[in-house]
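Below: one structure in structure tokens.
Letters are used for the chains, namely A, B, C, D, E and F, taken in the order the chains are written, and counting of residues starts over at 1 for each.
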Amino acid sequence: MSRIDGRTPEQLRPVTIERSWSKHAEGSVLVSFGDTRVLCTASFSEGVPRWRKGSGEGWVTAEYAMLPRATNTRGDRESVRGKIGGRTHEISRLIGRSLRAVIDYKALGENTIVLDCDVLQADGGTRTAAITGAYVALADAIAWAHAKKLLKPSRQPLTGTVAAVSVGIVDGVPLLDLAYEEDVRAETDMNVVCTGDGRFVEVQGTAEGEPFARAELNGLLDLASGGCAELATIQRAALAEAE
Amino acid sequence: MSRIDGRTPEQLRPVTIERSWSKHAEGSVLVSFGDTRVLCTASFSEGVPRWRKGSGEGWVTAEYAMLPRATNTRGDRESVRGKIGGRTHEISRLIGRSLRAVIDYKALGENTIVLDCDVLQADGGTRTAAITGAYVALADAIAWAHAKKLLKPSRQPLTGTVAAVSVGIVDGVPLLDLAYEEDVRAETDMNVVCTGDGRFVEVQGTAEGEPFARAELNGLLDLASGGCAELATIQRAALAEAE
Amino acid sequence: MSRIDGRTPEQLRPVTIERSWSKHAEGSVLVSFGDTRVLCTASFSEGVPRWRKGSGEGWVTAEYAMLPRATNTRGDRESVRGKIGGRTHEISRLIGRSLRAVIDYKALGENTIVLDCDVLQADGGTRTAAITGAYVALADAIAWAHAKKLLKPSRQPLTGTVAAVSVGIVDGVPLLDLAYEEDVRAETDMNVVCTGDGRFVEVQGTAEGEPFARAELNGLLDLASGGCAELATIQRAALAEAE
Amino acid sequence: MSRIDGRTPEQLRPVTIERSWSKHAEGSVLVSFGDTRVLCTASFSEGVPRWRKGSGEGWVTAEYAMLPRATNTRGDRESVRGKIGGRTHEISRLIGRSLRAVIDYKALGENTIVLDCDVLQADGGTRTAAITGAYVALADAIAWAHAKKLLKPSRQPLTGTVAAVSVGIVDGVPLLDLAYEEDVRAETDMNVVCTGDGRFVEVQGTAEGEPFARAELNGLLDLASGGCAELATIQRAALAEAE
Amino acid sequence: MSRIDGRTPEQLRPVTIERSWSKHAEGSVLVSFGDTRVLCTASFSEGVPRWRKGSGEGWVTAEYAMLPRATNTRGDRESVRGKIGGRTHEISRLIGRSLRAVIDYKALGENTIVLDCDVLQADGGTRTAAITGAYVALADAIAWAHAKKLLKPSRQPLTGTVAAVSVGIVDGVPLLDLAYEEDVRAETDMNVVCTGDGRFVEVQGTAEGEPFARAELNGLLDLASGGCAELATIQRAALAEAE
Amino acid sequence: MSRIDGRTPEQLRPVTIERSWSKHAEGSVLVSFGDTRVLCTASFSEGVPRWRKGSGEGWVTAEYAMLPRATNTRGDRESVRGKIGGRTHEISRLIGRSLRAVIDYKALGENTIVLDCDVLQADGGTRTAAITGAYVALADAIAWAHAKKLLKPSRQPLTGTVAAVSVGIVDGVPLLDLAYEEDVRAETDMNVVCTGDGRFVEVQGTAEGEPFARAELNGLLDLASGGCAELATIQRAALAEAE
């Protein structure tokens, strides 16, 4: 059985990571997972939020948003509605936690990095593309800060790499990296965030229809681990290129 | 090694489920997991939100909140700040999804049930206590609606039972049902929602410190499955009592 | 003529005051006036709001809210609507003023006490129950602060006691402590806050139907004074018990 | 002892009522109580809010606000802060209730009148001036509607007249119609709303310093009744003039 | 062809400028352009917004608003809706920019002047009346500050005068100072802000119907320059009177 | 004298218009004016806002926003702050008006087109780039609707073309299409919106420093007219390409 776009169940969509997309940000990446396109910028600033002042430690946070017409039907702007929806909050928090998992706050010193992940076009997996791209933007911003002598030369705030992928069960078959049409049909949907050494940072599985059994969960985790490893390789290759 | 309150690693805190706590709501439960106390009310109303009208199907949703002094330090009221925080949004959505997993919308007909889960006292595991208690309030509201002939006598909107528990790794040891002090020290924190027949509705694991390996994840899932099974027994016993 | 619940016109509903209801707050009381149940917590914190810094004086304030299903029909959450309604504002301000009437700011020193009054179940008289219960929580928080040496041993910030009760005219008869069904039928509705020595802190009377004559007003004030005196006795008894 | 502006304790400030101040509104009054100046407009519109449709009854409501520099020190605009303060809410509700006390909803038919009371200059007693002026604007709007045949000719929605005044105890002396400087020094502050036949619509007394005794309350009510009677005469005179 | 109110195309409506309208503000003007009436107050305060501290320079800003019944049909209050509309924002910014064009920040020192322009009655041209009146209130506030020795005696923060007028093309004829009924029928609508020496501070022209040609634009600019010169004369006369 | 980027005073920056940038929107254009890059999407939907129902006429509106790191320093998200700033409001309204100037509402029928203009990278002239790009997206959406038979074949809702450009005086020299660094140094700043036949839709000139004389205004208008004509040619060329 082949998928809607001809992929095998354990195949990622074409993934591209375009660095230095924006001239202003300290790190900026246009990441695409198939037709999903997310602009990830990393903004480095000296100083930390008030509650962290004097700690000698830095902070990393993230904000996720979708352009109103990133989706098939236009959505209202959250700025116009005057409040942020639950989904946006949830994903922003997930991205922030995922990136903080590979940060050594002491090595970062009292500096803050904000990751903005704006979905320009959505076709499923926007949060996983955002995490995967934001990691590269984060790495670039840290390299920039090193070059500018804003970090101690001997200290590396990054303790590893991080990437994310979605998996799900569609018509009883576990699939890697769901496109939107697969996502809406999935009985179970899981987002998995892994470090480059294959450990887990986040596992979020949800039964959309039938509850899932332990064996199904195990199958999905296998699939996701493989996908994340592949993404780590793609991240490494992107960062190896001259900017 | 024994825990802060003398429990073994795989032991739940004392769990109590007090039904019909409030005179107004169609279902109302004061649930406690140790010192965590959540008031769960189920409000049954005829009709559904606009986007669902004419579908013949019902809707179940949830709202979670904490009283300002449910916690050790007083928190600002979200109504006073004028917006709902990300954590509140996230938990409200989790509770709603968890309960919808055991609802047959067609059998519910065009009726809506809102679950309000207000934390009166917090000591870790408020969202899992909320789900576990809200299920019982939901069952009571459905029984009420059956008694009032608001549902077809032959149709049962509940397709199963649902309960939730937290697990985490503290000092390298996997523990069931974390109290607050354990929760803040946990390296990994996971909330698991299961149906009464042992399948998964939600699995949300987060590395707070070190990323976690697959073996650790497996250990936590074992622990959580056991805890949820125990909670299902407690729910059944509570519902078996005359109201 | 006897009332809906068999009381005489000048009779209070059964009043209970359960102290130390919550493990976190410095003072916490679950107060009930019949089926009206309000959880009142007093949060003591060192320091005062900015506009009072350096004055050597403390501050006491209050916030009132209702759980969505405290009432017969579920109400929207003010946090979800993103703003606080006029009624909530009005009652919060009333409770704060009432308690400040028995506070010596200098004796309190630069400390703040916040009273949170959350209505768990409403059956009329929620604001008067809140004031009556909040006074006891306030007294407990002050005793706690004395025990913790956060107040000068020789200084007593409480200058008296305060309690409140509603009165109203139903079918031409003045009644004490209206239950919800009486309240909706009342032609005139009055909330009276008194100190333990029988003086007035607040008098708020409103004609819901016909305007009221001076003689009627006098009758209501007599009734309210008697009710407040009784409540003061109940408060004293509650505080006399070992916690 | 004479007062700051030379009045006797039981004397009102000069009161003026200028009708038809605005060319657009169905009723519009610029009322002044000494230096307090409030623009009251009555907007008549056919139809009622949704919750009242089909009842055959009308609705009257009010909104109160202060211009930012109506006061001695500039206040922030509530529109800029994005929320209405408790004091504004409270006064808007008081004005609405006061005017509804003299309205026969059935005679009004399914029409709505909104009273806007905007304080152009504040010097104490803004809410009582607002009620007193708004009554005249309301009467003009009703006359306008009668003239336009929007009301049944034989039906008079106004069942009486209404006016309001403040009273307070300053240095132990009960004073009528407090100016701002008196208001801030008052130990007790009371706003009283009366109908033209001398009955009470609202009585709101607050101890700002010491609680007040029953005898003091009685003295204040006497003073307020006299003041309201005088205001009713002034209202009648204003309405007797050709517009 | 004569206009709705009998004016010639190049004629202003009757303009009046009433100074010291309010007893509290440092400068206050009730300005009218025909039936358009705007209350402009200037509030002088020592200190500047945070971003300007230590610069030695002052700040001038403005806020514009309409009373709900300033217009023919009652509009919702922006404070009640909880947000400021685009039109209000736009006009507030225009007024602020216009007045800052004649301010020497250094001569003002670290002081702030806020201009509040509240439309009491609207009949077209509210923003141009507001600018014209606010200039006079600003001049009065600066004179007040000089008298109070809050400004250096030798320094004059005002570098010129500023006034504004609307122009538009109605039925092919360019008209000065449009009344509301003309404004709604205008094909092109332009607001022009000039200094007393005839130069431009703002030119905002909008085609409401057909785009306009360069020749039409030139005609409108001629008309507006003439109108502004006339307004400058009226401002000068108003300021020449003893307050 | 040559400009910062080597241009002559009357030279546009390199302008590119990339059509069909997004797979979801009915029209989508990535427009760049030098380093300013704006994503413009046109969303076509059947039906109109409530106030226009039954009129037989369509509606066109626009929303403008900036990504937080489109600028040199990261700005707060308006969705997070919970309100839209004045500048955003102003520009959204300008874009909407500009495009409506070339729309025949009757020919559009009861359909709505929303233009979203999101600035991905800002370097001056974002609003003029947005208008210029949005026109092309609008034209594509209308062509799409014609192809889908959602518009009457014989009716063309577009009555012309529209483009916009900024001009300003820097160091006394009038310049076309200001880059950000020029913009901040400009004494006068003007945005001009023209139709393809050389008439004006909007003229918005602001003195940032010194007021400007009529001769300067004339010079700027000449420059802008030339720039808009050039942009109209570029738009035509873009639309002539096969999509």
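By definition in this document, contacts are C-beta pairs under 8 Å (C-beta built on N, C-alpha and C of every residue); 3 or more make two chains touch, one makes a residue touch a chain.
Every value quoted in this text rests on a predicted model; they were computed, and no experiment measured them.
Novice: Using the touch definition from the top, what's the fewest steps needed to get from chain C to chain F?
Specialist: Graph distance in the chain contact network comes out at 3.
Novice: Which chains are shared contacts of chain B and chain E?
Specialist: Intersection of chain B and chain E contact lists gives nothing.
Novice: Among E-F, C-D or A-F, where does the B-C interface recur, judging by over half of the contact pairs matching in residue number?
Specialist: More than half of the contact pairs of B-C reappear in A-F.
Novice: For the two copies chain D and chain F, what rotation in degrees overlays their C-alpha atoms? Round to the nearest 5.
Specialist: So the copies are related by a turn of 120 degrees.
Novice: Measuring centre to centre with CA averages, how many angstrom lie between chain D and chain E?
Specialist: 33
Novice: Could you state the distance in Å from the CA-based centre of chain A to that of chain B?
Specialist: Roughly 28 Å separates the two chain centres.
Novice: Go ahead and note the Å separation of the Cα centroids belonging to chain A and chain D.
Specialist: 59
Novice: Taking the mean of the C-alpha atoms as each chain's centre, how many Å separate chain B from chain F?
Specialist: 50
Novice: Which chain F residues reach two or more other chains?
Specialist: Within chain F, residues 82-84 contact more than one other chain.
Novice: Under the touch definition up top, go round the ring from chain C by way of chain D and list the chains.
Specialist: Counting round from chain C, the next being chain D, yields C, D, E, F, A, B.
Novice: Help me check something: in the complex, which residues belonging to chain E touch chain F?
Specialist: Within the complex, chain E contacts chain F at residues 83-87, 89-90, 92-93, 97, 101, 160, 190, 194-195, 197, 199-207, 210-214, 217, 221, 225.
Novice: Touching residues of chain D toward chain E in the complex: what are they?
Specialist: Within the complex, chain D contacts chain E at residues 22-25, 28, 35, 39, 41, 43, 45, 63, 65, 67-72, 74, 77-80, 82-84, 88, 114, 116, 118, 120-123.
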